[in-house]
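There are two complexes below, and they share chain A, which is joined by chain B in the first and by chain C in the second.
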Partner chain A sequence: MVRRIFPWLLLPMGITSLYLAFVVAPPEATMADRQRIMYFHVASAWNAYLSFLVVFVASIAYLRTGARRWDRTAFCSAELGVFFTSIALVSGMVWGRSVWGKWWVWEPRLTTTLLLWFIYVGYLLLRATGEGDERRARMAAGLGVIGFVDVPIVHMSVKWWNSYHPYVIGLTKVDMVPMMVVALVAAVLTFTVFYVYMLDLRLHMEHLRERTQILKENLLQGGMR
Partner chain B sequence: MLAKSMAIVWKDVVVEFRAKEILAAVLIFAALVALIFGFAFDPVEHDLTGIFPGLMWVAYFFAGTLGLNRSFITEKQNDALQGLVLAPGDRSAIFLGKFLANWLFMTLVELILTPVFFALLNVSFKGGLLLAAVLALATVGFTAAGTFLSGLAANTRASEVLLPILLFPLLVPVVIGAVRATAGAMAGDAATAVAWLRALAAYDAVFVVVPFLVFEYLLEG
Partner chain C sequence: MAPLPLSTLKWLFFGYAVIWAGIVLFLMNMGRRQERLERQLDDLERSLKR
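Now for the complex of A and B:
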């Protein structure tokens, strides 16, 4: 269902949110056009956090039920999460460079996002090198739970750590006029729909891959008989 | 359940006492890191007091990771882990036992090496009881998270490479807390030290309880 309808939903949504972000929304007072990257930066970060929340929930569900589809969901969502975290980080750095003059500041939100990236790349590595389908699924689920639990703690500790050197730059407050809010909401909505579509597509691929493997094994067994 | 955990702790202590496999290696490696830091940062030319807490904890965390790596790999040989799972009592007791054993080993390493670090890096010894509290609490967080992830990583082909990659991002709050609290203790700033000790205690609670709850499901079958 999602696979058939969502592309037709995404096309107009994508064009609309591009139009809103680049044409309708006015340039920001101090940052001018450079601020426009924010619409897609925030949307990517939102998708990243959403993905990892899905990994967390699916991991718990897998540990409780042992149903393979939960494991598949966690895996596919983690892949997407790393992808969107990368986009959020790179777009954030480009923005930081042009607005603050620095590629990186040790600011809690930035630092937490970078750590998220490391945690879930580790998650994918654990899956890539894990032995035994079921055992690997269980180990990955364990990490999927503890990795997410750690996020607020990391955020708090970095915030505390940071309070020791007061920032000259600080987070530049963007006073958003209504049209900017509309553009931001449109971008976030479009990205969310995009995430759901990608997740569904990726799950379907993973399902096909597993079926192919079963068919192959059956074929081999038949040949040996 | 506690009996099972204690039995595991005792077993690990006996194994370590007889084989001397992990403790000696961790000790020597951490001491070597102190030596390398000495050459890299030159305590003769510079006063290292400011960066001392960071240097000491980096050495402990890196060296400790070596020991944590072995924690579950030794159990995989001869299917010893299977025996632990089949033994009566909760499976979570395995986590608790392994964690306590690792905490014991790591604390021992730190007790021996902390004076050595102060001496080698030419920093005058300060901190006393507060420093002892920091060592104890930070090591709880480090070994709890490390034991859990070592259990996960032991099931992969690349476990020894994977453990630090999985562990260090999760460990960031402990790194921050340990370094700040140590700095506070050394400076005689009890308020700062205690504030960070509290943060460490919160992390410890989460990273003992959550793995304890999850471990039951991880070792099925």
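Now for the complex of A and C:
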């Protein structure tokens, strides 16, 4: 269902959110049009959080049940999480260069986000290099659970420590004019649908890869007999 | 920094909309190729069972 309906939703949703972000939303008072990158930067960061939440839940489910589908879900979601974190980091660097005059500053939000990126790149490396399917999957699930601890730290780092990073989206308030909020919500919704669609495609691809592998092994055994 | 003129913003919107459409069409094509591969796998598994 997702594979059939979601692309037709994504096309108008993406175009609408681009129109809201570039044409409808007003320029920000101090940063002017440079602030428009925020709509896609925040949406990417939100999707990174969501991806790693799915890794966390799927990893716990795998450790409890040992079912392969949970391991597959965690792996595919971690790949997407690294992809969205990379977009958030790069778009944040472009924004930082135009607003602060520097590509990178070692401040709490940026540093904890980079740490998050490294944790999940490590997770993917573990998946690629660890030995034994079962053992590797259990180790990766452990890292998937522990690694998630960094997500709330990333989000709260702006509040907990002195940070240059703007804090416009709190747990209880959003510090923006209404049209900016509408553009941001549209971007977040579009990116969320995009994530679900990509996860479904990636899971299906992984399922086909496993089926092909089993078929190949069966054919080889048949040939040797 | 002065705000950009609306015409520039509209061109930016148009450019990104074309890129977005390209990404979605690419993914749709990938989904179709996966379905074709799945059908081929089904056929292969059926013929091996016989």
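To be clear about the criterion, the second predicted complex is superposed on the first by the 199 of 225 C-alpha atoms of A that agree within 3 Å, B and C clash if a C-alpha of one lies under 4 Å from a C-alpha of the other, contacts with A are read in each partner's own complex, and residues count from 1 in each chain.
Just so we're on the same page, a contact is a pair of C-beta atoms (placed from the backbone, for glycine too) under 8 Å apart; a residue touches a chain by one contact, two chains touch by 3 or more.
What you see is a predicted model, and the numbers here were worked out from it, not measured in a lab.
In the superposed model, A:Leu115 lies in contact with chain B only, and not with chain C. Touch criterion not met for A:Trp103: it reaches neither chain B nor chain C. In the superposition on chain A, A:Arg3 contacts chain C only, with no contact to chain B. Of the two partner chains placed by the overlay, only chain C lies in contact with A:Met198; chain B stays clear of it. Of the two partner chains, chain C is the only one touched by A:Ile15; chain B is not.
Counting contacts by the rule stated earlier, no residue of chain A appears in both its interface with chain B and its interface with chain C.
Within the complex, the chain A residues that touch chain B are 63-64, 115, 118-119, 121-122, 125-126, 129-132, 134-136, 138-139, 141-143, 145-147, 149-150, 153-154, 156-158, 160-161. Here chain C touches chain A in the complex through residues 1-4, 6, 9-10, 12-13, 16-17, 20-21, 24, 27-28, 30-31, 34-35, 37-38, 41, 44-45, 48, going by the rule given at the top. In the complex of the two chains, the chain A residues touching chain C come out as 3, 7, 10-11, 14-15, 18-19, 21-23, 27, 31-34, 197-198, 201, 204-205, 208, 211-212, 215, 218-219, 222. Partner chain A is touched in their complex by these residues of chain B: 145, 148-149, 152-153, 155-158, 162, 165-166, 168-170, 172-173, 176-177, 180, 199, 202-203, 206-207, 210-211, 214-215, 217-218, 220-221.
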